[in-house]
Amino acid sequence: MFRFSFSTLAGFCAGIGLFVFAVVSATDNHLMFISLSSFGLVFGSTMAASLISYSTLDVLHAVRSMLHTFLHPPTSQTHLKKLVARFVEWSSLYRQGGIVALEESLTSQEKKDEFLRAGIDLIGSGYKNHDIRIMLTDQMDATWQRHTLESKVLNTMAIYSPGFGMMGTIVGLIIMLDNLNGDMAGLGKGLALALITTLYGVLLANLFFKPAANQVTEKQETMYFRHQLISEGFVLLAEKRDAIYIQDRLNAFIKPSVREQILSGDL
Amino acid sequence: MFRFSFSTLAGFCAGIGLFVFAVVSATDNHLMFISLSSFGLVFGSTMAASLISYSTLDVLHAVRSMLHTFLHPPTSQTHLKKLVARFVEWSSLYRQGGIVALEESLTSQEKKDEFLRAGIDLIGSGYKNHDIRIMLTDQMDATWQRHTLESKVLNTMAIYSPGFGMMGTIVGLIIMLDNLNGDMAGLGKGLALALITTLYGVLLANLFFKPAANQVTEKQETMYFRHQLISEGFVLLAEKRDAIYIQDRLNAFIKPSVREQILSGDL
Amino acid sequence: MFRFSFSTLAGFCAGIGLFVFAVVSATDNHLMFISLSSFGLVFGSTMAASLISYSTLDVLHAVRSMLHTFLHPPTSQTHLKKLVARFVEWSSLYRQGGIVALEESLTSQEKKDEFLRAGIDLIGSGYKNHDIRIMLTDQMDATWQRHTLESKVLNTMAIYSPGFGMMGTIVGLIIMLDNLNGDMAGLGKGLALALITTLYGVLLANLFFKPAANQVTEKQETMYFRHQLISEGFVLLAEKRDAIYIQDRLNAFIKPSVREQILSGDL
Amino acid sequence: MFRFSFSTLAGFCAGIGLFVFAVVSATDNHLMFISLSSFGLVFGSTMAASLISYSTLDVLHAVRSMLHTFLHPPTSQTHLKKLVARFVEWSSLYRQGGIVALEESLTSQEKKDEFLRAGIDLIGSGYKNHDIRIMLTDQMDATWQRHTLESKVLNTMAIYSPGFGMMGTIVGLIIMLDNLNGDMAGLGKGLALALITTLYGVLLANLFFKPAANQVTEKQETMYFRHQLISEGFVLLAEKRDAIYIQDRLNAFIKPSVREQILSGDL
Amino acid sequence: MFRFSFSTLAGFCAGIGLFVFAVVSATDNHLMFISLSSFGLVFGSTMAASLISYSTLDVLHAVRSMLHTFLHPPTSQTHLKKLVARFVEWSSLYRQGGIVALEESLTSQEKKDEFLRAGIDLIGSGYKNHDIRIMLTDQMDATWQRHTLESKVLNTMAIYSPGFGMMGTIVGLIIMLDNLNGDMAGLGKGLALALITTLYGVLLANLFFKPAANQVTEKQETMYFRHQLISEGFVLLAEKRDAIYIQDRLNAFIKPSVREQILSGDL
């Protein structure tokens, strides 16, 4: 269901590449930019503060969702259009063959989709449109509530990491200033070292945590939108509305230029 | 439908011009301010981080909408007033000649307007006012949902670009500090170079990304407002309300001083 | 209807005066603080970026609304109390003499008030309370939508102006650093000049754009509140409610200590 | 009704005391930290900008509400519990003795409470529960609207004061830099003086304006909550509900551990 | 009911440990980083400003909730699933044995749960589903209102503490600058000392106040969600719905993969 996103990978490589190129082209002393202890301080403190802020499970989910930035959710206009077409088909199947015909028509992918599954089950249990709307809305909101936590955790990390980077720099500054003497070269090296943690903090936030948080938020919003379309579809199925009405109601959710008029006619 | 906006072009030229003038009048060494590698680092990283945050299509849409800042949407008070007048005309046409008369009266521009088109189609399909309200509201909200993404992407760029500008400056600072010796002139040149990326980051954000994001947001809000007026209009048409009532209801959406009393009378 | 606000003028003069005094009392070289080119850069870029962000008309409205900061809207408790008293009078007039008596009683100021005018017209057209509520609410919200744009533009200016001030300072810094040599006095003068744009940016934001944005927002909110009271009043008039009921309902909108019991009695 | 808050006074003295102690223990030259002209610049500009942003009356109300930070509103759980008990008593009194019995039972403090007073008056005028709910809700919202202005003004001051402090420092910096020569001691004294306005700005914001704004906001929210409880109570009184029902409905507003079961029973 | 959270403790130790390690590995002069007077200034001022902003009780509650960051609330998916199972059991018990059977089935832990207790009491008092919904919603919102105060206080502390840290640094800077002479070592030591308060402020905010505020907010939101599930459950109980319906309605609140189909069947 989820498709690999090459653009995300490209963006990621480009971001890292540009940074490496900027460093390599400007100095021969590249190793200066690699400091495991500085990285450990910034990354470690960020994770530590996240573990205090959220439960272990939530932090793990957030980290997992960072890996998922390479996957596309099935929420493009083309996907949504196919969904509309499916609901139009289902309406005929359901009115003729009942729930049995409906279940037989499901592809294996549709069976794995939690939300579609839930809708079919409710239709199968014989619930009325009113009950189906309540239950699917509750499930939609509960899913939203669970998943927003991931973007909250990532946003929190994006805020903590430059904070701890700056803290590392202040510690470095204090140590350097305490030993201040007229030696300019020593002062320079001390400052350079102190600034590395700030660099790591900003880098982690801008290339990892913030983009991941943005993407997770975006995915959740488009998934929520898809769930709205599906809920509406099942309510209309349960109301045994005709195919044209269902098509017109669900078409309203997608881009006019993408809509395919599967059926048309006067009511 | 969209009109070219000379003020946007003027604003754009003035912003760039003022900056160039400030540089040129203050120093002879203008070339110092042009650094392709610095620009590449800031602009490239911003785009890279945007590609991680959003899908390629969304980033392309956002870039396209930046070019559209030179176009005015049809949402001025004059446009809205004409819309009200059209609905008043349509109410008579529809009550006398039905949907055929309505469709014949459409100008070619109106036919290309997705939202007006959708409303006419719904009237033509014979839907009741209740269904028309639901479908147009769903379409209005789905359009809004799709289009806000553009301003989100631009806002994200406006946040990333000064961030990466600052990151470039920190890298430059670290390199310079690492080689610090008593040479004041060398220190100065190093700092000057390091600051260029910050300048580019702030410039890109303040003259390109932020204004574009503001404008796109503003356009979407006025388009949403226009869609509300149109939805209301079609619901009233479907209810076969008389022209005076439609005029009074829709006039409420526009500025009192602009309203033209096309018809007046006691009910 | 709008009254001149001496306190705004006083605040304005005090703000400028304190700043001028701080400069004059601290240095003899006052002219250093006056730099037309720096002011041009900051103010010009701010306006340029605003023109890209919003349409010319919106920017002009925002500038005009800055001048209006010297005017008070008719939304003080005393004004609102008088409005309540008027609605109580109108209820008797309308129940006895109909719309003719109502229109005759209007003062010239009330006739110029767009929102009161709209309410009277709707009563005069014979609309029912339900329709009056919808139309006045639509008009209220459309007015709000149009006017919030002014405070948005001013807020945007308040954000742009320190940004461009800082940009000017970075340009100045880069030029100064590029020519760095051991000359302390030259370094000082360069830095001083570079900081002027930051000062202008902060000054423009803190003494002009931000206070104006705050005031415009505040005025719109109080006007919206006044419109709510008036809408409620016209709906009650259309319902032909008695004077005591109207008085009690509208009194709820104003401060208990200000309310005058024009009429009292058991229902 | 309002009680003096010793903890606020203690917090206030501790904040000032810690600051004074930090200064006194670190330097003998305390007078350096006292500069009437710097204080005048920061405080004066903040007030000036507030006067431009808001009307004189609103600024005065905000200043008065700063003095009220030493007073507790009657919104503790104990107060709310007593209110519930009163409504339970009133329900019996009203059902037996009517409005006369109700009014006789009021303590002098209750008579002075604007919101209780309004509720009793509405019951006395014979309004139905529907009307009472509308009028008390309107009054509650209007009170909220008037009072939030105070916290808005204080928040605005908390934003302006560090801004003007920084502006004073920039002015000081410019003057100092303009006269820069090799004299280190002079440079130091100039910078020290320039920083005083920043210190004042931050101090005013952090010890006065921000805490006051926080407290005023908090008080308004608890008062709004109390008004909700009272509105609900009067609506239930007007519905002539029995004491147990009123007790159970109003108890839902207070902490379970605090609730006193004044009456209990099966319905 | 609340379980000890080892991950929070681990996060906390790791955060402190990383910081201590960073200091110890970089300098021998560790004692320089320990300054009781600096800590007293930052922590004391933060508490003082909090006491001015909120009542003593609210500050104490906030401090207590910081200690509670080591405890898990009963809101995991497993907990919620058990709750659903309990409501399904209760529905049979209640329909057969009435309120007596319901109360006998409560475990001692359930009896201590304020919100479950309240729901059972309302069922026991014989209230209808409509009244139960109102009262449980009122209690849920009142609990939310009381508890958000804790996260507000902690957020306020997280904002004050770096502010007062910076203020301490400005005081230190002013004193140091006032005594500036050519002595580099003295300048360094002065600056190092001045920066300690900033370090403390940032450390307190990032490792204590912010994580605690995030966690408290998160807990309140999950508790609110749990309360929604419970309210819904009691309303369904009062409506005497059958077990399958209750199971399906409440299952919508939890993750599909976790749901156990306790009962299944066609309606």
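Brief remarks follow.
Letters A, B, C, D and E mark the chains as written, and numbering starts fresh at 1 in each.
Note that a residue touches a chain if its C-beta (ideal position, glycine included) is under 8 Å from a C-beta of that chain, and two chains touch if they have at least 3 such contacts.
Because the structure is a prediction, the values reported are computed rather than measured.
Mean C-alpha position of chain C lies 25 Å from that of chain D. Mean C-alpha position of chain B lies 40 Å from that of chain D. Among the residues of chain E, none is found touching two or more other chains. Taken as a contact graph, the chains are arranged in a single closed ring, with each chain touching exactly two others. Chain order round the ring, anchored at chain A and oriented towards chain B, is A, B, C, D, E. Put simply, chain B touches chain C in their complex at residues 5, 7-8, 10-12, 14-15, 18-19, 21-23, 25-27, 29, 32-33, 69, 72, 76, 184-185, 187-189, 191-192, 195-196, 198-199, 202-203, 205-207, 210-212, 214-215, 218, 221, 225, 244, 248-249, 252-257, 265-267. Across the complex, chain D is touched by residues 37, 40-41, 44-45, 47-59, 114, 117-118, 122, 124-127, 131, 134-136, 138-139, 142, 145-146, 149, 152, 156, 159-160, 163-164, 166-168, 170-182 of chain E.
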